[in-house]
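The structure follows.
Labels run A, B, C, D and E following the written order; every chain starts at residue 1.
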């Protein structure tokens, strides 16, 4: 597999290599039956030339050297902990504790020579490391690691790994790992020179059963000069997989659509309150989202400085803070500006436009004009596979989060006293006051709620977009589009509007491309509004006229 | 209980009320009569606080409430049935009634049975949106909504407008019943003279923003009053 | 229109004789409704409603709140489309259900709304000017000038609606009752063949009510057909015309006011005892 | 005391502020340094800063204001091509001098403009060469924002790749709107394109804000540099400062300068810059270096000409050589572009670049690309007697006249 | 301002005359001061200022076009910039064709951007733009036809209020994306630039600049008279009625959609003319003119000046843009967004009807007219108002 879900979950193959090697330090001798303590000084010397070609040769030499030190050196290289001294040509490994040990022998070095330089790696070296460590990890005691290693071997399709693979296969007890190993072996066989046609066809069948994108890649690598029967088998397998994938790709597009939809929903849902319920044409809505994102940034900075251990919880901590903070800003805006504008909806456009300019520039002055880094907690990075769907955790959480926010908001509006008062006040402020409802308070709360929701949307959006002063601007148009498309004043409309726009967008994109797809979507919305001039979930009947 | 003293009211530069005074007492119905555009509605708005007064004072239970906000007047016990219904169009009938809970304490937050026995149609349409109701149904809802507040003063601006005769009778009976309980003061604007005549304990007649006549209910029998309004 | 048949106390919802009569009257009737049904989310606001209005006839319609009177007007003026049933105008020549509000208005059907609706940001006189019968085309109206005849007509209407001193005030600044009058004035200005008047005297004093009745009679005498909806029985009596009582979306009783108000069912659901 | 006014025409608000604000600071820093060193021609320099607010017509208006009203001697400014195009007529009309510090699509050479950023051959082509040679890339995704720079660059690259024997089906070209933020489909497509059994790389001319979500999506979908490397031409240290680069280690960028260039000149510059801006984390990047080079060239040319009069400074600028920050010298060529080394860097986990390749010598800009039909016969030479930005060697005529 | 009661309504009224005098006065004075005074004289108007003023005037005309539909018909178009840009592109295409072989590649027919993207021949929609009369026709036709088609569909389907606003925004956004595409043949993001001459006159010559300025002033004056005439006519009364109670208008027998379409098309054409005058004066037209934010800004100008007053729209446009010019230079440059934002907030709070609207209010309060409320010339009537936004008395709080 080229992109095994679990592999990418770790995000970085270097970590993987380290983990694999740590677990298998004692095993290389078994895997590569060799004599005792071979001499590795030649490869080590090559590490000190500061040339990628030499580094690669050295690495390959090490991998087959059978030296017990090899694994440690490879791990250090992958991890950027392998150093050399240009002066003394000594190669050293930095330990976790910060000290140095000699690469060849492993004895601690009392005093590192001055001017140490790291042995540099580039993508080519990284791939070589991966291949090397993959072979080493095939016999790890941990089945999960073996599974990952099998995937890595399959990806590398390095013929040199074949003996190790065979050895591992012979010993393997775990069925899952075994099939992965078989697959890896088949993948190598397909492209290997001098394999009998029958073996190749068998290998093609094995790979063909896997049925995913990676299998496709393997099958396409059948040598051009292969026998016709082999080619036919490969083509048949390819056709089968492509058909399979085409079906899955519909599902994949729907998934992309839903996840885009949930982003749109998050961006729009606060607006569904300030605009949809209150009728304020809130041009500063995007800036509320931005404030939420910056809150996340600040929270993460604080956590990084004071308690890095909490980093994984940083988003959870940021959510209530962003809600309260942006909510308070919203209340401030409502009390100082918006409240003078009720009944003059269009003027709210002017004022909130002004406010949005001010907020943008304020953030620019405080945090600078450039993007700020908001990190992803580990539980939000990576992806897993569901059939042929690749589902990223980040998106999954955003969808879940969007739904939670939606349900919470719906419940607040429908089931609570304040929800009722909000709706009453926005429908007839004067009469609501005469019913004893404190309209000032309700207005402030409603605007605060809408702003606060925008703020927590910002927490989520900080995970997928820039955290910059312009963040809000990029969502404001889409947000209005969603709210209006769904039907103003109807929360369900916002939900369905966001989802249908998201899915439509993602369905169009593969055919029309991103630009034309977006244009087509806009045109569709325009035409759709002709059919339903009050949006998807239009309120009907007399009630809307009064 | 409620006392309006010598108030002036303006819309921009136009004066709508000139030195109007009025009194409402518990267990009594005060009727405001007059032709179109003489300022009846303006007076009611002044009482509930929807329109500020330029001069004069409004007192309620001894306090000067001239500067008190409408919501706080409602919380003190002044309920309003406005001309033109002004129900909340997108709230259901039930929700419309529940808006009246705002001044109430938690245990009192229920809809009194009276409301439904008076206007059975509301009970059968609890889930319909207020704005979808027919005109007369909306008027009934507006009255019901005010009653939910258990007010001390009930201000009714032409409550019979657009209501079918049988229910007008019921409303009349209801007002009589509320009056008989003795703790509620009722201010009633009414063009339907016979209706007013039957209910009024006190009345004022307005003309061009000013009070031109006032007296006890009995004085309404005087043909003079009817003429005044008819001119 | 032969009334006798429809005077039975209880007219069932779909009474064949009624339909037969209605059919027969199609070519003579100015307005013809047959089996009109309107439902809102499953609620039947009109239930197979059938009746006709003859040219030059004035008809009063009463009925409990929610009986469907306003909905009936909505159907006639094109605001609401019926689920079922026919609505014809001018002797069956025009199917109103196929037309939109503007077309219906240009045919000569004018309406006064239950809740007075005037152009709030226009002066009273401009409200009348806009309503005045005449050119409706967009381009033509760019160069339109007011004629002497039009000015006279407006003055005349002002006499009737007694808002002369309010000529230059904004419609939105009028009191409720004044708006009612203004809307009646606008209806007069339109000079329609058929007037649909929804609760014209709500919020009027007794004297004004009498005047309005007089006004409507006069309009009717000038050859206009009128359909009036009202709850004010004095007013209906003043009109002195055929009365029809709606209930739950269909005709409950029809006849003179006395006949109708003697009807047990009408008393029960509408008048009260 | 008489001073010399220096115009600074960079957006400080709007969408471009994110990139351009730093350049404004750089010019101010350079002026500060120059004044500390005694100014120019014995006069102090005073900056005139305006904010064209990422609004192209406003660029023209502000340029006019700088030249006509403020009478500045030189202007440092612009980032996007359209802003340059917008001010161009103004500089020509009022005979001003503009230093333009950003890599761009080429196809231009004007008397009044000095281009200190890279032309496509000074950035894109070496990057592609590197990938082909070092990573054995056989299949190419050219992904860009749908505007002129990516379009032109990709046209050039496409022609170049084809000339190197890459088949048409091994090139995928994809354009996205400005500020595109949902990259799921495209990244998935890239993944699919890359799984055809041949080594695949992405050449990204994705612009500005769209990069962050793009890289985040790459990370999310687990596309690692070892699988499908991405080489970008618009992503530098400043842009990376907003991304968690751990999942991106190994992806590449091609520039003429990286902060990590390990030479004393650069270390010195970074130190002074951080001191000036009072932030010892502040990064440096390629357009900053281009600004610095341009500034120093202008100073040198003014001193050579003995006046700030554009008619004297413009010819004086040609041939001026100043140290660049990567240890060599850059020279202003007669085509008003400068010579540059090309550096390829791999992203490191600290947001810096590991320089994996550097061209041995300096590369001269090809302002008119030989790979484009219309421009292959054009050359620019602003020295007498040619004095032409678009001389057609076939017809022997200067095109614009 | 004359009230609507004088019959026939006075076409201009006092403030209208003042406005025309100012605009036409400027048209005469500015060139004179530019040509006849010495550059160091206090009265001298530098050429640089002339082209700035010329730009403001085209913005003023654009704002006027918005006010016609927003102030009087209640159509809040968030896509007015599209019509402006289309007019601009029509003019830009003419100017591009005028370059002829003077482009950098020396191609006699193809504009530069087509040459370097390897276009072989001129796309059909560029035909005819080498002729000024054709281009001039397209300046009004292109926006006019788009407005006609768009308006006809939208108004016939009774799309109103925010729904209309948002689809106009979607329209301009779609156009923005389309024009950004290089494949469209309009120069992509770089747009059309580097114009040489117009009708044979060098576009950078001072004389041409002055002429363009004068033309802009005259166009603004004519545009004002046209709008004023429209809104004062019976047609205009119907427009205002539509703004306040569209359904009622239909029941009165007017075909509201036709009225709206006519107003929309006229407004689009005015915007197109503004765009056409704008392009030669600023020297560039690029897709960012289609950006939704631009269109919103136009609305903001109108609101600042006073919606539904025409004069206010023009005034607001000039004022806001002057503020922008002023604030973006010098000491204030880093803070100019604070100022501009602050200005918008302050105007809404303290001058609720915009500058001109508030002035009218103040004047009528000083001399109480027969009416207690100022008729005809504007007021709220908002889209989807939560409360009916009318001379609603404010609660006593």
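By definition in this document, a contact is a pair of C-beta atoms (placed from the backbone, for glycine too) under 8 Å apart; a residue touches a chain by one contact, two chains touch by 3 or more.
All of these numbers come straight from a predicted model, not from anything done at the bench.
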Each chain counted as touching chain B and chain E at once: A, C
Most widely separated chain from chain C, with each centre as the mean of CA atoms: D
Distance from chain C to chain B - Cα centre to Cα centre, in angstrom: 30
Interchain centroid distance [CA atoms averaged], chain A/chain C, Å: 65
Length of the line joining the C-alpha centres of chain C and chain E, rounded to whole Å: 45
Distance from the mean Cα position of chain D to that of chain B, given in whole angstrom: 75
Junction residues of chain B, two or more chains touched: 11, 14, 49-50, 69-70, 132
Contacts with two or more other chains, residues of chain E listed in rising order: 177, 180-181, 247, 334, 337, 372-373, 391, 395, 397
Multi-partner residues of chain A (each touching 2 or more other chains): 360-361, 427-428, 430, 433, 473, 515, 518, 541, 545-546
Touch list for chain E against partner chain C, complex: 3-5, 7-8, 230, 233-235, 237-238, 240-241, 243-245, 247-256, 258-259, 261-262, 370-373, 375-376, 379, 381, 390-391
Touching residues (chain side chain C, partner chain E) in the complex: 77, 79, 100-102, 105-106, 111, 117-123, 125-126, 129-131, 135-139, 141-146, 151, 167-170, 172-173, 186, 190
Complex contacts: residues of chain A adjacent to chain D: 2-3, 5, 7-9, 11-14, 52, 120, 122-124, 126-127, 130, 155, 213-214, 216-218, 220-221, 252-253, 256, 259-260, 263, 360-361, 364, 368-376, 381-383, 390, 392-395, 463-470, 473-474, 505-506, 509-510, 513-515, 518
Contact set on chain C toward chain B in their complex: 40, 43, 63-67, 69-70, 114-115, 173-178, 180-181, 199, 202-208, 231-233, 269-273
Complex interface listing, chain D residues touching chain E: 12-13, 48-53, 55-58, 60-62, 64-65, 68-69, 80-82, 85-86, 88-90, 93, 107-108, 146-148, 151-152, 155, 175, 177-178, 372-375, 378, 389-390, 392, 395, 397, 399-401
